[in-house]
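Encoded as structure tokens, the structure appears first; notes follow it.
Chain nomenclature is as follows: A, B, C, D and E, assigned in order of appearance, with residue numbering initiated at 1 for each chain independently.
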Amino acid sequence: DDNRQSASATNATELSLVLDYTPNTNHTGIYVAQSLGYYAEEGISLTIVSPPEDGADALIGAGSVQLGISYQDVMANYLASSTPLPYTAIGAVVQHNTSGIMSRQEDGITRPRAMEGHQYATWNQDVEQAMIRDIMAYDGGDYSKIELVPYAVDDEVAGLRSNAFDCVWVYEGWAVQNASLQNFAYSYFPFIDYDDSLDYYTPVIAANNEFLAKNADTARAFMRATRRGYEYAASNPSDAARILVEAVPELDAQLVAKSAEYLAGKYIDDASEWGYIDKDRWARFYQWLNDNGLVETTLDVDAGFTNDYLA
Amino acid sequence: MKHAPSDTTSRKAKRIGIPLAVVAGTIICWHLAIISGLVPNFLMPTPLQVAQALASDWQLLASHAGTTLVEAAIGLAAGVALGFVAAVAMDRFEVIYLALSPLITISQTIPTVAIAPLLVLWLGYGILPKIVLITLTTFFPVAISLIAGFTSVDPDTVNMLRSMGASRWDIFRYAKLPEAADHFFSGLKISATYAIIGAVIAEWLGGDAGLGVYMTRVRKSFSYDRMFAVIIVISALSLMLIKIIDILKKICMPWKHTERNE
Amino acid sequence: MKHAPSDTTSRKAKRIGIPLAVVAGTIICWHLAIISGLVPNFLMPTPLQVAQALASDWQLLASHAGTTLVEAAIGLAAGVALGFVAAVAMDRFEVIYLALSPLITISQTIPTVAIAPLLVLWLGYGILPKIVLITLTTFFPVAISLIAGFTSVDPDTVNMLRSMGASRWDIFRYAKLPEAADHFFSGLKISATYAIIGAVIAEWLGGDAGLGVYMTRVRKSFSYDRMFAVIIVISALSLMLIKIIDILKKICMPWKHTERNE
Amino acid sequence: MAQAIPTPTEQTALPAIEGRNLEIRYDDTTVVAQANLHVNAGEICCLIGKSGCGKTTILNTLAGLVTPTQGSVLSFGEDVTGKPGSIGYMLQKDLLLPHLRIIDNAALPLLLKGQAKQEARETAARLFPTFGLEGTEGLWPHQLSGGMRQRVALLRTYVTGARCLLLDEPFSALDAITRADMRSWFTKVTQKLGLSALVITHDVDEAVSLAQRVYVLAGNPRLGQPSTIHAEIHVERNESPNGPFELTEEFLQAKRSVWAALQDNAQ
Amino acid sequence: MAQAIPTPTEQTALPAIEGRNLEIRYDDTTVVAQANLHVNAGEICCLIGKSGCGKTTILNTLAGLVTPTQGSVLSFGEDVTGKPGSIGYMLQKDLLLPHLRIIDNAALPLLLKGQAKQEARETAARLFPTFGLEGTEGLWPHQLSGGMRQRVALLRTYVTGARCLLLDEPFSALDAITRADMRSWFTKVTQKLGLSALVITHDVDEAVSLAQRVYVLAGNPRLGQPSTIHAEIHVERNESPNGPFELTEEFLQAKRSVWAALQDNAQ
């Protein structure tokens, strides 16, 4: 028994995966697959590494890791660059864009146009501001009436409480769960309620192109194991949360549990299977970027992703 | 050693030529590293690409640089003033020395990100929290160097002044301060080097103008060429500041004839 | 001035009591600031909450602190060694001085985040890129201070040694080095202060262990109490390092009888 | 006994400076013990003794820079033990400030008294020819010879305007001619202004020709024998000499006494 | 002319040190011009002159620390212009290293020659009683008196083992008795070892009693008159004196000549 395991361990294919960020519930499936031995069963020995801030994509592109977590919007920048990064999205972690705008409940910012006259904490990014402008327009609001203030906190709830700003871009699976955990009275509305174009894939699993070309089977094996992990997380959120916290004890166990609960229904959601990337939805967002002049060169709206490694 | 210093034109040429040559050499190596494929071009632009970015973004960079320079200048001035006052007080009163020592060290070990929300809460989004952060960064080397300088005075010189009825202030002015000048300028050189980059980091706190803001924006949109362009601007401003300090030192310490006794 | 220094027990009590009192006072003020509502508790935990976090996460913190300490120690040692070698070479050869000066300044003005992916790409995800960054941070104050120290030697002392047939190395060893000791230790104090926080920042490069990793993770999961707990650990480690440097200084400079000539 | 020159401003009864029963220690070495000495107003005294016996230590104590472990220092009746500032003191090292030009080093005591820079410089500059320093006003200390530095230090002490001066080997780095010039200038100026002075010198001739009284300090503190005042020699001066004092019998006699006191101790 | 004491190791024909036609400047001030002087092997010469005239400057040049703008320096026939290290030099300032204990300061030249620390210390320690420094071995320089520091500096120079010594006012801070002791020790030791020395002193008696020849340097560089060797006085010594040399007619005569040369220039 022991011998077999160590033998399989030595024969295992070594893979590295770089996270997009600090470990969080977006990554639960991967930690589950790691912890429950799904990767080992596929003959894969996976190393999960944390990235330097905003450095994950470059590392995937440079091939110093084979795999990583990225986002469709972030990938757009790299793909539309004059020196594009050689990488491809091979699966969606969460089916829909789960981000939106959170605010204090008493301010009544329940829809985009209600942001008028309020302070919005901006990350100062063109894509981000274009999205706000976009949903404001859809909702009949005037973007110029929003007061932009720099985003300078880590804790959106604390920022709202201290009146550092009135509304802020958040991920429902994390900051919003934090708010309800703290019994903070908030309002929240998602972007996708106002514009379908903004229903892009965030986050995604991305892989180095050369790796994909040379090791298609390994990539498929990896995705198989990963899918099992996310399926487990979807059906056993509290166990999955426990596994994540065991692997990363610095995380707040309560927040992880609550977030896992929320995300359980979001990993697969309405898709046929975990990880599937809808061609039209992908293209619609990239078209929107092209239309709004948010990329350096015009994007090939059908490029940058594949479902080939899912099966 | 004791000859008339022969700062001939050839020597002057050396003083300007060598640094330029080194910078030029660095740029060439950088170029070669990329075209040889040692560094992938998508991670690092060539010097030429950076130059193009510099040229095309020139006006924007200049206006951001203005903001950063103002912050850095005010912050450095405040930091030096604070460092000076702290050092003098700590030299003068042992109680203050013992009391402030740990606080000063602690102040240098608190990461900006941790207190950024508090700073913004208290001081708003304007220039103020940035200046506070730059001041906090730059006062430290000055204070430490000055304290070391003050204590390096020959006690006999102090005795000589005391025998003339010199007050503590006189002793400070005529013995401690000039004696500490050497130390002070090395502290100042360290602080000045940190001033511009300190301003850039402070601008990551958030804000609408400044090289730090520009840098975050181009970084988040993954324009490596423009990111390296702004790094070059930061380095150039820092080198300029250091040069000014060097000149200041020469003016303030005329009794040190030669800079280096080669 | 010239009496026997009466480092009586009362004086010793002062040297330990005052810093402790100040730290205790700070903690009390902090507590009051929060319970009085001056600082909202959701932005800053009370000292008690932090103490609880420290107690509950003690083992985790200790293991992360071990990683950070190792990085900081190696980085500081390498930084001091590099700073020393650079300063000696720059003092010895003017060409090296002119060549390295701008490069050294530039090295301090490149923001870590900008080159982080490159560092990881070249040096991997391990301890190496972190040590490189700490080395880069800590070598600078040492180098600058030492250069100032070397040039502050009395030319007549050098003459005296030369008349004895002293080699350059002898002059370095018997005149320049001891003369620069004061400067060196003030540079070292600055570097040591930056070593731990430098390691923490370097760990933001990515990695799985170290106080920086811990800090990012608890920060991103909004645990302010644990974030302040780790800041306290960072400060405590830094104070410890500074204390070691102070002791080292006393051992290395026995001819300086009293630290302060109050 | 020397004739104290009465000055209108001071009560001549009280000594200009007096050390009473001084005991002075460094760490665990007692350098001076049971030393009594004084200088009357208008008087010049010399302090002489072997190298390392404690002369400078006594001057430091009289100047208030060192607090004796026992005994007290009085100046014109006032207790000045451990209180520097009222007595002019020229230390053994010249201690010119390296960052001030010679003229500013010389004018320093005036600046410390709050005089305007220009005025202080002018006052000091007027004395430069007297001290053979003309042409050095704008130089830095490191550009002067040893003897020149010593003369600047003497000038600086004189400029303090103190009525009582302590001089530690003030002429030791001067050549014979300059030395004689400075010495006769000093004698004249102290008489004219009614100054008092205690001068350390190693030159017995100099001591005898300058002083009304010569104190001989003796002991070997480094070998555990604290120094004390071993002898006090009164120099008798013929009121109307027919030639330089140095050629008189009184001079020779005083000189012999000092030598004897010195040698006496050397055995 | 003085009798050069022949030593087996050196060719006595060549001077131990010689300055030929020296011109020395600082910035725009010419301090010394057309100066010629030499010390024969086994000979002691003195250099005397007014404070600030350039004596130290000449010694710096002979020691190779300053390169003359004109002329050259030869030691035993070898050109040593601007090359320090072969000649023992005691500078006018004592320049003890503040971070070394007295014993290590004294042993420094041996350490520089590569001797083991312990051995060097022992060698130096053996000389401490001769210099009246017993008991000071473990102290720091700032704990010594001025005269003690000067003796450490002299000891240190002697310890170099150089065959030719340049001494800049080596006894100026010493009391008369210690001075006489040191001087007679020095005369004996130079004779025994066949050393050569050029000594700057301000004491004419000392110059005459030490030296076979006395050089008088004169000029006023700060007033635009570069100094040069104004006189060279040969001290005749009776081969078999019946009493101390200082009481002979030859001594008085030499002394008078030196004084005359000095005063001559003072006008």
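The definition used in the following text is that a contact is a pair of C-beta atoms (placed from the backbone, for glycine too) under 8 Å apart; a residue touches a chain by one contact, two chains touch by 3 or more.
In this text the structure is predicted, and so the values were computed from the model without any measurement.
J.: List every chain that touches both chain A and chain B.
T.: C
J.: Enter the minimum step count from chain A to chain C; a value of 1 means the two chains touch.
T.: 1
J.: Which two chains are joined by the greatest number of C-beta pairs in contact?
T.: B-C
J.: Can you check whether chain B and chain C touch via the same residue numbers (shared by over half) or via different ones?
T.: The interface is built from the same residue numbers on each side, given that over half of them are used by both copies.
J.: Cα centroid separation between chain A and chain E, in whole Å?
T.: Measuring from centre to centre gives 85 Å for this pair.
J.: Please work out the Cα centroid separation of chain C and chain E, and write it as a whole number of Å.
T.: Chain C and chain E have C-alpha centres separated by 50 Å.
J.: At what distance in angstrom does the C-alpha mean of chain C lie from that of chain B?
T.: Here chain B and chain C have centroids separated by 17 Å.
J.: How many angstrom between the C-alpha centroids of chain D and chain A?
T.: 87
J.: Where in chain C do residues touch two or more other chains at once?
T.: 1-2, 40, 43, 113, 117, 121, 155, 159, 219
J.: What are the residue numbers in chain E that touch two or more other chains?
T.: 26, 60, 65, 93, 142
J.: Could you say which residues in chain A touch two or more other chains, in rising order?
T.: 54, 58, 62, 154-155, 158, 162
J.: Quick one: which bits of chain C touch chain A in the complex? Just the residue numbers, please.
T.: So the residues of chain C touching chain A come out as 40, 42-43, 60, 113, 116-117, 119-121, 124-125, 204-208, 213-214, 216-224, 226.
J.: With touch defined as at the start, can you tell me which chain C residues reach chain E in the complex?
T.: For chain C paired with chain E, touching residues are 154, 156-157, 159-166, 170, 174-175, 178, 181, 253, 255, 257.
J.: Report the residues of chain E in contact with chain C in the complex, numbered from low to high.
T.: It is residues 60, 63-65, 84-89, 91, 93, 95, 97-100, 108-109, 112-113, 140, 142, 160 of chain E that touch chain C.
J.: Along chain B, where are the residues that touch chain C in the complex?
T.: 1-2, 14-15, 18-19, 21-23, 26, 39, 43-44, 91, 94-95, 97-103, 105-106, 108-111, 113-114, 117-118, 121, 140-141, 144-145, 147-148, 151-153, 155, 158-159, 182-183, 185-187, 189-190, 193-194, 196-197, 200-201, 215, 219, 227-228, 231, 234-235, 238-239, 242, 259-262
J.: In their shared complex, at which residues does chain E touch chain D?
T.: 26, 48-52, 54-56, 92-93, 132, 134-136, 143-148, 150-151, 169, 172-179, 202-204, 222-223, 259, 262-263, 266
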